[in-house]
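The structures considered in this document are given below.
Okay, so chain A shows up in both of these, paired with chain B first and chain C after.
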Partner chain A sequence: MTANAPAAPVVSLTGFSAEYRTRLGVTRALDGIDLDVARGELLAIVGESGSGKSTVSQAIGRMLPRVCHVTSGSVHVLGRDIASLAPDAIRALRRESLGFIPQDPIASLNPTMRIRRQLELALRPLGRPTDLESLTELLASVKILEPDRVLRLYPHEVSGGMAQRIAIALTMAREPEILIADEPTASLDAQVRDEILTLIVDLVQRSGASLIWISHDLGAVRRWCDRIVVMHQGRIVEEGPAAQVLDEPRADYTRTLVAAIPGRQDPTTKEAE
Partner chain B sequence: MTTYSLPLSKRKRAVKTRPPRDALFIAAACALGLIVLVAVAAAVIPFAGDPARIVGPRLSPPSAAYPFGTDALGRSVLARLLEGTRTTLVLSTLAVVCTAVISVILGLVAGYAGGWAREVIMRLSDVLYSFPSIVLAILIAAVVGPGQAAVLSSIVLVTVPLMTRMVSAAAMSVAKRDFVTTAKISGVSAPVILFRHLLPNVSGTIAVQGTYALSVGILVEGGLSFLGYGVQPPRSSLGLLIQEGGSYMLQAPWLLFAPAAVLVVAILSINLIGDTMRDRLDPRETRSLV
Partner chain C sequence: MMQILRWSAGRVMSALITLLGVSVLIFVAIRLMPGSYEDIILGPLASAEERQLLAEAYGLDQPIFVQYFAWIGQVLTGELGTSYVTQSSVSGEMLERIPVTATLTIMAMAVTLLAGVPLGIWTGVRSGAKQGGAVGRVVSSIGISVPEFVLGSIVIFVFSQFSLGLKVGGFASIGTGFWPTFQALLLPALVLSVFCVAATARTTRDAVMGVLVEPHITAAVARGETAGHIVRHHVLRNAGIPILTLLGTITAYLLGGAVIIETLFNLPGLGSFMVTGLGRRDFAVVQATVLFAAAVFVVLSLVLDLITSALDPRVAVTGKAGS
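Take a look at the complex of A and B:
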């Protein structure tokens, strides 16, 4: 799929570096990241906690926390340098082109509003219909059973899997060109995890969007993604086609990650045997 | 695994007998409700008579004809007390509503925007907060001039700093939650995030702080009227009645006792209601079964 993708990337980070400046000191978060994401590509960013994966996703939406300072480089989204965009323009870019599926689905929904109200608030500014029938259809499209009943519920009354389906429906209803999923299944059990991943990939492929999927689940990444970027200490240590990176890792860190997959051995150890 | 140090039967009994706090809350709500009801009803049906009319001899003690006695001019203390309670409650409530509107806007902006906006709002609050409340109230009353406007503006300026701080802290915590991030990345505008996402989630804090502000408001009104900067005669307020009663404390103690008792019960009730609300809305409050 990567080979067939058009040349112009939808997301492009060039020499991008950022650091967190807190009272405790300065921590380098990203160090000279060069990354292109092609249209329609399914890209996974993997690495241990603190390697800078989420900071990359935040940088793409210009959503870096206040304590994170960009020290060099640029981020282009759909050909536009996001650092130079005015607040209205960046908001329009986020609304029209970026989708974000968070880690904790329940926390991604406002606890004080019924699901229907949240869908209405999200869809109305886009000029999308918000009548009961349209909202029911929207929930049915993410395979929610009894959607009319779910519309009347508060977030705390739905399961984690259902909340994630609602979050996906909310995001995909905007038809984003770039979907960022930050460990979207981390808080779900194994069976639901598989259903949710299948749903995300299916929706992304049908809409032709690009997926930037931040994950620790290398098995699922290998199954679903075209390309993997491996991050360690704010740097990209390896990238390439998913199967190639995971089956024949070149970087020591990638080998360590691969060896940590349950039921797999360090490829170098295997070779030595 | 959760373990309990008491058998189930005893734990059930503990649950049933747990809430002396609930009993206090109910008593406080009833007391405050009664005060408000009687004060408001007296405005609609003047069962206690006209507070401005001289109805009997001067400084007459409580009797069947004058249930709370008469004051130094021969006016019914009961009628004046009901008018005074109403004035105090109306002024304090109005001031707290103004405080809530100002504090919610400032607190939400400070909590959500952060940066220099937060710094400016918080430092201004700190400046106001650094004055003892009654000193600040007297200062404002001296500038504005004695009267209801002085009471209103004093209560607002005394109560705004604390409520702004609390709303700001609550908003800052909510602003970091995922649903706000999701709304931001969805391109939702700042006013919608502030008033549709943040405001409902800090409403508990606003309600609790509102009760504290109300009790502070009643105290400030009482203090200012007592000092002669607040409500002016012939109108009455609890503070003014206490000040008048203080002059005749030895000859006619009922003049002091009735408004002071209403003031104490009202403030105590509001604080108890506020405490209960805070405990109920505070997720850190543990409700052990044993």
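Take a look at the complex of A and C:
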């Protein structure tokens, strides 16, 4: 599908290595990562806890914590080497091209402000309309049922699913070309998970953005994504079309990962979902 | 709304109970101090009859709870009694002295806020960088560990040895106009504020650092917002809550510190009034000044609490700010 697209990748990591240096010692988090993400591609990154998935996602926005040091390689976003960008330029890139969907949506909102005020504060610097009608419309676009009531609430008064819709609205209002979602449903009930994923994928497909989605949910990944990257101990051990990687895993690690999914013990079973 | 009303009513109730507790404590404590009023006034050689007469004159021979209710009754009608020693009206004397202490503490509070908060924000925002951390640590450890009578003595020594433009102990000019009063109180206020500046800077720094690692700040950074925008809208407001809480403690500290500073700099304020009263076992004076200080403190904390609950929507509901 997108493998033979002629366009240049929107995100590209080349020989990227990084390590966390803390008082407790040095942890090698990423070890020579090579990864290209095509325009409009829905890419999943899977792998066990600690394999370096979040570090990859943070590296794309130059959002690595201070203790994390890049030891080699580079990250290009829309053709630009982000390590060389001035603070202003990296902010402009985050603002205009990147969209991060948070892991804990309620915590991603300022607890001391009503939703409406937060939306205003985030949208005004972008020159977007912040009148009541536009904000109501924005919330309606992420399928929030009573937008005018929700605008008056504080973050602690909304549910996790609702907060995630608000966070998604905040992100999508900027029409990012690259959307990065690090376990966007980790803190949500199983029942809302599907709704949120459907919403994200729907918005991504409509806007033509690329999605980099970090997930532990292989079933959902298989259903939504074009391509899967499997990470293990800071390396990419396997990548390819979603169905192929999950149904005919080549790497030993992928096989154990797939075997761990309940009801999918036999990787050759190809049940419909 | 109902919840906020109920919460406010609860706070007012607990403020009244606090004041009641303070009144009982001070009333009993001062009577438990070694050396009674009669001893101090009449000296050790007085006869039993003389002592008896004096005690009767002031009602000190009555059971303590009778004395207490008589006093509270007076206080509730706005009457603070007369000094046992000078026979002058306590409230009259206090009215003359309150402006001195009020100006002193307000000036010290202003210095605390104007110096401590910006210093804390700066060191907090820069906490990752090396300079900010070092400055914050040095300022706060010196400020917090040096008692103000040490600092005050040094300041008095330096400024009285070398005429540096500011007068020491120039209380003659107090009340003769804004500028002379300001000049006379500037040094005492600065000395009084040192601890509070350090404590405020430290609390502010910790609060700012605490807010900076919250996910909603990361989210704002990820949206590409500028540092100025984030600090203004998301850091200051949220870090303001612990700072407001600290202001209550600082007020208490300033009121207590004023006692030492006024004595040290020889200022005619409430603090020195109380200390003199204490030395002479002048019950009426001590009771009135302590109760007044407690009332000021209680009212101020009440106001601070109301502001905090306006700043943090979670306060009114849970009774305390979320972390």
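Remarks
By definition in this document, the second predicted complex is superposed on the first by the 260 of 273 C-alpha atoms of A that agree within 3 Å, B and C clash if a C-alpha of one lies under 4 Å from a C-alpha of the other, contacts with A are read in each partner's own complex, and residues count from 1 in each chain.
Here, a contact is a pair of C-beta atoms (placed from the backbone, for glycine too) under 8 Å apart; a residue touches a chain by one contact, two chains touch by 3 or more.
From a predicted model like this one, the values you see are computed outputs, not experimental measurements.
Three-chain overlay on chain A, with chain B and chain C in a clash. Of the two partner chains placed by the overlay, only chain C lies in contact with A:His156; chain B stays clear of it.
Looking at the shared chain after the overlay, A:Thr198 reaches neither chain B nor chain C. Using the contact criterion defined above for the overlaid structures, shared-chain residue A:Ser134 touches neither chain B nor chain C, since it reaches no partner. Of the two partner chains, chain B and chain C are each touched by A:Ala92. Applying the stated contact rule after C-alpha superposition, one finds that A:Thr256 touches neither chain B nor chain C.
By the touch criterion defined above, A:Arg66 reaches both chain B and chain C. When both complexes are aligned on chain A, the segment of chain C among 3-11, 21-29, 57-65 or 147-155 whose C-alpha atoms clash with chain B is 147-155.
When both complexes are aligned on chain A by C-alpha atoms, chain A residues 61, 63, 66, 91-96, 98, 100, 102-104, 107-113, 121-122, 125, 167, 170-171, 174 touch chain B in the first and chain C in the second. Contact residues on chain A toward chain C in their complex (touch as defined above): 61, 63, 66, 91-96, 98, 100, 102-104, 107-113, 121-122, 125, 154, 156, 167, 170-171, 174.
Residues 114-115, 177-179, 181-182, 184-189, 192, 196-197, 200-201, 203 of chain B are the ones that touch chain A when the two sit in their complex.
Touching chain B in their complex are the following residues of chain A: 61, 63, 66, 91-96, 98-100, 102-104, 107-113, 121-122, 125, 167, 170-171, 174. Interface residues of chain C, counted against chain A in their complex, comprise 128, 214-216, 218-226, 229, 233-234, 237-238, 241, 311-314, 322.
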